[in-house]
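Two complexes follow with subunit A in common, the first pairing it with subunit B and the second with subunit C.
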Partner chain A sequence: MVTEDIYNKEYDVIIVGGGVTGAGTARDCALRGLSVLLVERNDYSTGATGRNHGLMHSGARYAVTDGESARECISENMILRRIARHCVEETDGLFITLPEDDLAYQRTFVEACQSAGIRADIIDPEEARRIEPAVNPDLIGAVRIPDASIDPFRLTIANLLDARMHGAEALNHHEVEGLILNQGRVEGVKLFNKLKGEHVEVRGRVVVNAAGIWGQRIAEMAGCKISMFPARGALLIFGHRVNQMVINRCRKPANADILVPDDTVCVIGTTSDRIPIETVDDMRVTREEVDILLKEGIKLAPSLATTRVIRAYAGVRPLVASDDDPSGRSISRGIVCLDHAKRDGVEGFITITGGKMMTYRLMGEIATNAVCAKLGNTAACVTAAQPLPGSEEGAPSQSDLTKRYSFGQRAAIGRHGSLAARIEKDNDIDNALVCECEGVTVGEIKYAVQQLHVHNLVNLRRRTRVGMGTCQGKLCSCRAASLMGEMSHDVKRAQQDLASFLDERWKGMRPVAWGDTLREAQLTAAIYEGLCGLDMAVNTQGKEDQQ
Partner chain B sequence: MAERMQLCNISVNNFEQCTKCSICTTVCPVAAVTTDYPGPKQAGPDGERYRLKDPAYYDKMLKLCLNCKRCEVACPSDVHIADIIQRARMSASEGKRASLRDTMLANTDLLGTMANLVAPVANATLGLKPTKLVMDSIMAIDKHRTFPAYSRQKFTTWFKRNAAKEQDAYAHHVSYFHGCYVNYNFPKLGQDLVKLMNAIGYGVHLLDKEQCCGVALIANGLYKQARRQGQTNITSIRKSVNDDHRQVITTSSSCTFNLRDEYPAMLDIDNKDVRDGISLATRFIYNLVDDGKVKLVFKQDYKRRLAYHTACHMQRMGWQLFSIELLRMIPGLDLVELEQNCCGISGTYGFKKENYERSQAIGSILFKDIADAQVEAVTTDCETCKWQIEMSTGLPVENPISVLADALDVEATRQANNIN
Partner chain C sequence: MRMDTVIMGGGLSGLTCGIALAKRGQRVTIVASGLSTLQFNCGSMELLGCIDGKAVTSPLEAIATLPQGHPYSKIGTDRIATLAEQAKSLLDDAGVIMEGNAAANHWRITPMGIAKPAWLTLFGHLHIDDLNQLPARRVALMCVRGFFDQPNGMLANGLKELGFEVEKIEFTTDDITALRRSPSEMRASSLSKHLVSNHALLRVADQINSLTGDAELVLMPSVLADEEAVRTLQSMVNKPLRMIATLPPSVPGARIQTLLRHYFRMLGGNYLMGDSAVSGTFDGDLLTAITTAKLGDMPLKADNFVLATGSFISRGLIADYERVYEPVLGLDVDADAEREQWTRFGVLEQQAYMGYGVATDNNLRCLKQGKTISNLHAIGSVLSGHDAIKMGDGTGVSLLTALAAAQDILGNK
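Right after this comes the complex of A and B.
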């Protein structure tokens, strides 16, 4: 459907926020037969969704301190293994006790896990070293728990795809500037289309605020007050996997105590700092954060001390103040769903917040229940049983790979599951690799651009992993930009896009720019600036455009 | 930052040092002739990240790698690209048996031992058209290929009967790792070496126990056997170098490279203590001449025009200069130094039917250069390059040691080095 038609429809529900919670809510609403529009100011999964560990918690981390969250986690963990198979890698995890930790905590931990229904097996340190050779060999205790690795970008897109297949619409790069208010009712959203610079209004019977940490601002637009407590966490990405299992510290949660194998890389994190709400858009990682992450990280896996760090990033946990605490200081750990009609006297407006990526589906279910109650819809939630697109039976298998170029095809199956069947692979061009680090083919890029809401290279990266490898876009970004330029017939825009993509890659490399990562970045700069004159081309073009 | 942390990145075969510059892919002789092969960067460091995630990401096309190591020579970051690829092939082949054809091609010494016994028959039979067709269709050994002729007498037999007893008389001593080719196919090269070494005052000795170096075993996936044989060889070499203080010299660049570099990289055989004691004969002699320790005198009437071809493993060691400079000492020799291009045979690779066309396509640049050079023969340090160039250009190919021995004025050289 063309964008104008999307604007002109009236929806049962408009969801604000394209993180995994918004996408999960959109899916649930669409599956229950509601007409849905989801709007996202940047790209899908740019906020907290795309800025975490990619850890599919078993709940063990919360077992001792927060039994309710632990139970929610393990229950959702088991559901995601079924419905989101292609986004999940069943790695299992270890909670290790180091000599400086109290081994007595292990007992407390295991008991708490068991009472939350989480499998927790104490294993011999020798066995731990055998099943996970990267683990700190000095460990004195280990517990095996059902942690796993999950790809939040894929998960979000799979939810959106399913929503779309059930009639939903979704718009990225559309920022909510205000809400349409009429006599104490929210009747829609005022949007700014950032791609075209247009202002539009779209009407809906219920608006769901699923904007995460930015939800405080959305609520203010309806005159409602929510107190968010942004908690910032920084993480580091290493160039390749050193571990095959999630490694956690068996102690009270602290800095940098989780190492997760994510696709081709591994990620250590996080730090945790409360920050003022005004600074939530500043995602720069500091030197101190990098130091803490490395210093603590090597205690989990010593080889991290000599493994290339390719990138640093930070995210903000959307923690929210408990409504039942008049001081506003106590933080709610669980899922918070606010019906602003009851709470603030504003009809047609619901906020879903708190929670975690792990519980996105449950949050979607709770929010959709609230929407359905308002709209008189009685359909039951089926999201826990129905597999997401890509996770259905019948993913292309080994025998579907062509003899040549199997690498990119296999990588694509890893990313898109059964939907990889939609990627063209009948000729040499479609099979040619655009991103060699991550095995992304021309065919996969065409598929992503045509089907997965790709407007720029950053969008494309989140859909396909283009530019996420160790060269951080050195070889692939130019090829991908050229393909997108061809497809859109807009070479100028593709060139601008290429420049801003490379800038975006450099931002994440900068806090860790030493050794091989620095060499890599310098070669990239030499190629694009020195050899190709990209900065000059883009600057001159900018001046021409101004004239 | 914490002490000693992140000072350097350490990864197996330096794969983390890859900056994706792609120079390796531009020099890969296989990638130049076929799109079937993903190229060294993709097959090596790029693929490795995925194989670390899941070994199932192994790409079967990696078997097209020649292991010529030209990628490693070109790499500005010292990534052991070919080693990464060979290691990946090794892990992927674990638990699988090599085919009869590959086992036969790989066991150069076993085949040699049997063939020597019946050399005339074997040579005649292997050359017959029906035999070739049978090998082509049943064994998948390409019909265009001719097996190198087998000698009636092994080099070691000749040596023991004709040369062994006089070697102790010399003032200096070396051990000779002759390799399968000299032993079974071409004892003359070994004889040339003995002649040359004796002329400069060096006695030549066999190792206590020498087995095939295993280069073909590695290429054909018979790693266990290669490791066993390698350990036997290193034990013998260790005795020679460390106990008898005799350096070990060879006349094959591939054997040398295998003994020195592939043993630790591919077979986990620790040879650190003897690696420097293993050298190619041309390098050994060049260094003696260069140090002023020996003199070479050549025949006055010697006159030839030859082209020197740098074998891939020679290039990897960076030793072609020793052979070239040594040959240049021959006054009557007009030596054309060919551009460094792979001949395409890569040991047993080009013998396989499925590789024949690719093998010839890879070599075509070299063959043209040789034709343009207008020479009477080609000289190179590798025996499989020899077979390939002889078959593809029709020109004879000689080892530099044979060229030197042929040009050498033995009597004058002995006198110049004060040998009676």
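Right after this comes the complex of A and C.
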């Protein structure tokens, strides 16, 4: 559907926020037969969804401190293994005790896991060293739990794709500037189309605020007050996959105590700091954060000391003050669903927040239940049983992949599951590799541009992993920009886009710009500025949109 | 065997210095890791391209205004014109035929179609003296089917903005199509290996001649391995034909590297390929020997040494978590102490680390703990005080400091 037609429809529900919670809610609403529009101010997964470990928690981390969260996690963990298996890598995880930790905590931990229904097996340190050679060999205790690694970008897009297959519409790069209010009712959203610079209004019977930390602002537009407590966490990506299992510290949750293998890299995190709400858009990672992450990370896996750090990033979790506590001191770590009709006397407006990436599906279910109650829809939720597109029955197994497909095709199937069948691969050009690190072909880029809301290289990176490998987009970003320029017939914009993309990559490299990462930066400058003169061709003021 | 001079680094500056010394009868060994920024070469040499973001038209005049710490200022701006002449004739002797002069920059055309100031441009490559007087109006831009390392759309657009009428023409030949069988083979370097024989070139020429209609100038990516192939194809095509540099690996850069290496060996030079210096032995203010990774406990001894190990890219400089250092000899470096100072927020801003390098006296002799090492010169990108990216002085500094150091070494004898 063209954008103008999307604007002119009236929807049962408009969802604000293109993170995994918004996408999961859109899917659930669409599957229950509602007409749905999702709007996102930047790109899908730009906020906390794309700024975490990529860890599929077993819930063990919360078992001691928050049994309810732990039970939610393990239950959703088991569901995601079924419905989103093309986004999940079943790595399992270890909770290790180091000499400086109290081994007595291990017993408390295992008991708490068992009472939350999480499998937790104490194993011998020798056994831990054998199954995970990267682990700190000085460990004095280890527990094996069902953690896994999950790709949040892929998960979000799979939810959106399924929502669209069931009639939903989605618009990225559309910012909510205000809500349409009429006699105490929310009747739609006022949008700014950042791609075209247009202001439009779209009407909906219910508006769901799924904007994460930015949800406080959206609620204020309806005159509702939610007290958010932004909790910032910084993380580091290492240049190769040091560990094969998730490694956690077996102690009370603290800084930098989880190391997750993701695809070809691994990620250490997080720090945890309360920050003022005014600073949530400043994602710059500080030197102090980098220092803590390195110091603690090396304790989990000593080889990190000599592994290249390719990128640093930070995200903000939306913690919410509990409504029962007027002082605002008591913070809920669980899912918070607010019906503003009951709470604030504003009809047609629901906020879904708190929670975790792990519980996005459950959050979607709870929010959709609230929407359905308002609209008198009685359809049951099916998202826990029905696989996401890409994870349907009959999707090829790993051994099929190695036998029958090229590297590029295998990588694409890994990323898109059974949807990879839609990628053009019938001629030699479509099979040609654009990104050698991640195995992205011309055909996959065409598919992403045509089907997956790709307007720029940052969008493309989130859909395909182009430029996410160890070279951080040294040559592939130019190849991809060139291809996109030819597809859109707007070469000038593609060039500006390339500069913005390099700038976005640099923002993550700069806090860790030493060693090979500084070297790569100089190499990139030699190619794009020295050789190509890109700096002379573009306006060097980075667009605010490309943070 | 004791050498007259041992050069650490076999890129543009190391080879130039080695040739200048070998020509005067010195016994020279070059220890070359194999890494060289010639891999990203644009087919041109730059003396000085930009000052404060403005294109330089007369580099010799502009050089006189450079700050004291710049390598050109150390050499002495009055020597630059002579050294530039010598560099051009040294390249010429090696078979690297380049056009241009140091008094006035011309414009090279980048793979993205941007005009950038240049001093010398390799034979057969497009360069323009005056952007107000283009050499042709109608241009046929030949695009190799399935070759992604020439951004054709951007290149065509850039050429149009310069005032050309551009037609993009996609073509292929059997030799080129054969490369497609592996999805990652379609690189400039592999094309250059397949477009060598007269037969293969004739098939390219046939395509160009039959597709380019009334174009006045034909442009194609720089994927021909040597001057002979360029001349052969030019003679087969019925219109003027010029090359434009591609994304790496750079075929013209590889050509320059190969020709210089052959010439150095022809002059009796000893080129240790795939080896690198790892440490040195000092005696007072003299470096007496270096050890290399491959020769192990057999040190290389010489009267003079030259450090030409390049910048961070080539690992001539290393930044770790805490500091910037010179890894082979532990020489003094000019660099900011705090990590936050090394870089700037925007990727296209001028980055401080680009100007970092080893500290030298005005004769380009290195310092260690504040003391001059009298028989150790540093040349090329390992030097502090210049910025190949924002000033467009990288290749010029490599060539001219190499010659200046060679003169100093020969004068010392």
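Simple rule for what comes next: the second predicted complex is superposed on the first by the 528 of 547 C-alpha atoms of A that agree within 3 Å, B and C clash if a C-alpha of one lies under 4 Å from a C-alpha of the other, contacts with A are read in each partner's own complex, and residues count from 1 in each chain.
To be clear about the criterion, contacts are C-beta pairs under 8 Å (C-beta built on N, C-alpha and C of every residue); 3 or more make two chains touch, one makes a residue touch a chain.
If you're wondering where the values come from, they're calculated on a predicted model, not measured in any experiment.
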(Q) With both complexes overlaid on chain A, does A:529 touch subunit B (first), subunit C (second), both or neither? (A) second
Q. Of the two partner chains, subunit B (first) and subunit C (second), which one does A:60 touch, if any: first, second, both, or neither?
A. neither
Q.
With both complexes overlaid on chain A, does A:436 touch subunit B (first), subunit C (second), both or neither?
A. both
Q.
Output check: A:150 vs subunit B and subunit C. Expected answer is one of first, second, both, neither. What do you get?
A. neither
Q: For A:73, select first, second, both or neither according to whether it touches subunit B, subunit C, the two together, or no partner.
A: neither
Q: Could you tell me if A:475 is touching subunit B, subunit C, both of them or neither one (first, second, both, neither)?
A: both
Q: Give one of first, second, both or neither to describe whether A:240 is in contact with subunit B, with subunit C, with both, or with none.
A: first
Q: Give one of first, second, both or neither to describe whether A:295 is in contact with subunit B, with subunit C, with both, or with none.
A: first
Q: State whether A:514 touches subunit B only (first), subunit C only (second), both chains, or neither.
A: both
Q. Between subunit B and subunit C, which makes contact with more of the residues in subunit A?
A. C
(Q) Using the superposition on chain A as set up above, list the residues of subunit A that contact both subunit B and subunit C. (A) 294, 406-407, 428, 433, 436, 475, 514-515, 519, 523
Q | Sites on subunit C touched by subunit A in the complex | A | 37, 40-42, 110-112, 114-116, 145-146, 148-149, 151-154, 156-158, 177, 180-181, 183-184, 186, 245, 247-248, 250, 311-313, 315, 318-321, 339-340, 342-343, 345-349, 351, 353-354, 388-390, 392, 394
Q. So in the complex, which bits of subunit B are touching subunit A?
A. 1-2, 4-11, 15-22, 35-36, 38, 41-42, 46-50, 52-53, 56-57, 59-61, 77
Q) subunit C touches which residues of subunit A in the complex? A) 287, 294, 406-408, 428-429, 431-434, 436, 441, 475, 478-479, 481-483, 485-486, 491-492, 494-495, 499, 502-503, 505-507, 510, 513-515, 518-519, 521-527, 529-538, 540, 542
Q | subunit A residues within the subunit B interface of the complex | A | 239-241, 261, 263-264, 290-291, 294-295, 298, 303, 305-309, 403-407, 410-411, 428, 433, 436-437, 439, 469-471, 474-475, 514-516, 519-520, 523
